[in-house]
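Presented sequentially are two complexes of chain A, the first with chain B as partner and the second with chain C.
What follows is the complex of A and B.
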């Protein structure tokens, strides 16, 4: 609890939001990088299908995505049963895990698309040259691809993080708005407004606004300063 | 494994709508082997297949008897120890010249790395980039970029050096400087080279052997002499028949630069590097006329005594005359059928070849 301008504000939703967004960003970079690489190098026409699938969360109402995730990950569903077989306890929905899973799906295009475009922009000849200089695949990836895709990684991480912070529908469906456990800041603000607690809503909203603005400015500043020129 | 001296096999690679299907081939590699053909004939694709750069390659490839490709199984490129110079140099843009040069060196096994580090100064100086080591590669000219690419490949002590049209993006001055560098590198480091070009002049200057490619297939593999001996050679598509004479450069006299060809001397207006043992002079058949006697009152300096070997029908109304010089080298002359009839030219006849223009293959 924090006292601000004579109003007490519960900061737990903010911390939860930042935590979920941070975990989601890390997961997305780990999963999104190989996926984006695979898509960038794909020559077959199946690429269209994959691109459409990855882009789905951009156009789908978050509630639709949340609904399906709820069905797939429900406590008696096949995915949870499968995990239980390996000793998993607890459940995938209405928990922090559920929030992260939902966010990963929802923010997937924001991580994969910038990475894919960054990878596509790297001339194949550079990788070929590196192989003739005896660099293995992973060696080429970390010494040629990663440094030349810095901007792509920066954009992917920022957008994934910011988009997760700002989501509402999916976390409401999959997380369930349990105070102290799955109540994220966007839902918290909605609740305050619903119960006419405008002071709390004001403070939280202003904090989110300033935070988001600062993050974006930091990123664009870094991008400008360390931006790599390719060509 | 020492330098590669023979590659054989049959390579196939489908890229979009382009199909490489080399056919069975056996290619001895000594000095410079040029892959020649029009754009779209599969030169680059074949070179990429030989280097293992395309995963979809299929077929068989044996190098010095060792299998590099069998069906879909292939030896990964890093283990092939091939040096590659790409059309646009393919330098790593986020690294300095020095970092580009050291990239491969760092990945060599320790013993080889020591040796390569010892070569560093020599190669960098030889290639002419010693003063540019700390520059970013984006600040280099096209010619400088190719020099760095050549040094980067040489430092790895490759068993085979592949060059894919390394001169195509350069202006004529850089082209001629770089050609000279490539010639010197071949002579000094004795690395067999596979060189792609569609410019006959580069073939005539560099090649020891020529692989002619058409529509994704290897058509023929010939020595340069064989390729230049047949009047229908694809090398002649551009400027008609060409002869390449090998001679020894002599010190200049009266502003002219003589080249010794057996007992004959060929006089050039441009100078060759007299340090070299041998240079190649390029003569277009259409610049060679024929006289039955040695004319004294003529501005043309080069009169060579020759014997007619054969008369070859060419695009009418022209005729190609194959001549043999006193030192055994062959020379093409192009005359009209009308003149041939008027002079009564026939095989075995002794004539004088009047050469209007000679250029060094530069």
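What follows is the complex of A and C.
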């Protein structure tokens, strides 16, 4: 609990939100990097399909995505069965794991698109030159691609993180609003508004607003200085 | 004599309102309605439009959202909330007209499960608590959730199920948890079960929590200052109190006082 302007604000949802956003960002960078690389190098017309699929969460209303997740996450559903195969126990809905998986889907375009654009901007001749010097793929990736796409990684990470922090529909649908486990800050604000506790809502909203503004300024600042394409 | 004339004038105007199909008399009302009442009020609206020639347009949403919109100047002629608090609060804010306020329906809570024999053994099922999740609407924001939680406390079963509670944002959301199988059991609204279009219509089992066990879930309606001059809005408020409308409301699983 924190006292601000005479109103006590529970900070637990904020910490949970930051934790889920951080884990989601790491997962997205790990999964998004190979996916973005693959898409950047793709020459076939299938690329269009893949690009559209990745961008889907941008246009789908989060509550729709959340409702589908509710269906495919259910304890007898395909995703849970698949994870059981790897020794997963428990249930995806109403758990932090479920929140992270949902957020990974939801924030996918925000990580993959900047990475893809960064990878596309790397001159092929640099990679070819390295190949002639017998640099292995991993060698080329870590000594050429990663340093040249630094800003792309930074933008991808920032946007993925910020977007997950601001997420509402998906976590609302699959989370179950359990205090300390799945009650994230956006839901907390919604609850305060619904129960007419406008003071708490104002404070949390102001925190979110300032945070988002800072993140966006950071991203646009990076854009200006280094010319990284976003979105 | 004066009084008689007044009564006659009233009679004539009421007759005109009832005949009402004269286009010059017809008006359109915009009405904000709590999402749980969607289908019921749409059916009432159809009958109303047919009988009076007026038009009613409904905007559906969570009661708290609608209240916030109305408070900030949203152009609604009447407000049908999911509780009493927020429609009455519009009167405090000087937007709603207090004397037009009435309770149009009372929600009924039911315990539903596709897996457990709740129709006959609801309390035993709750007591044994073998399920992983029990869905309720958020007690803090949704009246159905608040009553369900209070009921569990009253019968001394709350502590036993506390760790298994999952909160839907609204009663509709709690219902989704149960329908999609994510929670095996849940406190939902009877209106969600008796609707022939409900995904669980005549599937699974339910038990209606006796009305005497919890404070009534009164849903209140109020006319706004804006709606006071709207013939369609005032007529609709009265229409909801007629036997025809009450029959529809009861058919959808609500009580009427």
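In the analysis below, the second predicted complex is superposed on the first by the 211 of 231 C-alpha atoms of A that agree within 3 Å, B and C clash if a C-alpha of one lies under 4 Å from a C-alpha of the other, contacts with A are read in each partner's own complex, and residues count from 1 in each chain.
Just so we're on the same page, a residue touches a chain if its C-beta (ideal position, glycine included) is under 8 Å from a C-beta of that chain, and two chains touch if they have at least 3 such contacts.
The structure presented is a predicted model; accordingly, all values stated were derived computationally and were not measured.
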Quick check on the superposition: with chain A as the shared anchor, is it clash or fit for chain B versus chain C? fit
Quick one: classify A:177 as touching chain B (first), chain C (second), both or neither. second
Which partner does A:147 reach: the first (chain B), the second (chain C), both, or neither? first
Between chain B (first) and chain C (second), which, if any, makes contact with A:91: first, second, both or neither? second
Does the superposition put A:73 against chain B (first), chain C (second), both, or neither? second
Between the C-alpha centres of chain B and chain C, what angle is opened at the C-alpha centre of chain A, expressed to the nearest 10°? 150
Check the residue A:194 against both partner chains and state whether it touches chain B (first), chain C (second), both, or neither. second
Looking at the overlay, what does A:123 touch: chain B (first), chain C (second), both, or neither? first
After the superposition on A, what does A:132 contact: first (chain B), second (chain C), both or neither? first
Just to confirm the value: shortest Cα separation between chain B and chain C in the superposed three-chain model, in whole Å. 48
Could you list which residues of chain A make contact with chain B in one structure and with chain C in the other? none
Contact footprint of chain A on chain C as seen in their complex: 62-65, 67-68, 86, 89, 132-133, 135, 138, 140-141, 165-169, 173, 176-177, 180-182
Chain A touches which residues of chain B in the complex? 16, 48, 51, 53, 76-84, 86, 88, 90-94, 103-104, 107-108, 138, 149, 152-153, 156, 158
Okay, in this complex, where on chain A does chain B touch? 43, 123, 125-126, 128-136, 139, 143-144, 147-148, 228-231
Would you pull the chain A residues touching chain C in the complex into a rising list? 67, 70-71, 73-77, 91, 93-94, 172-173, 176-178, 187, 190-191, 193-196
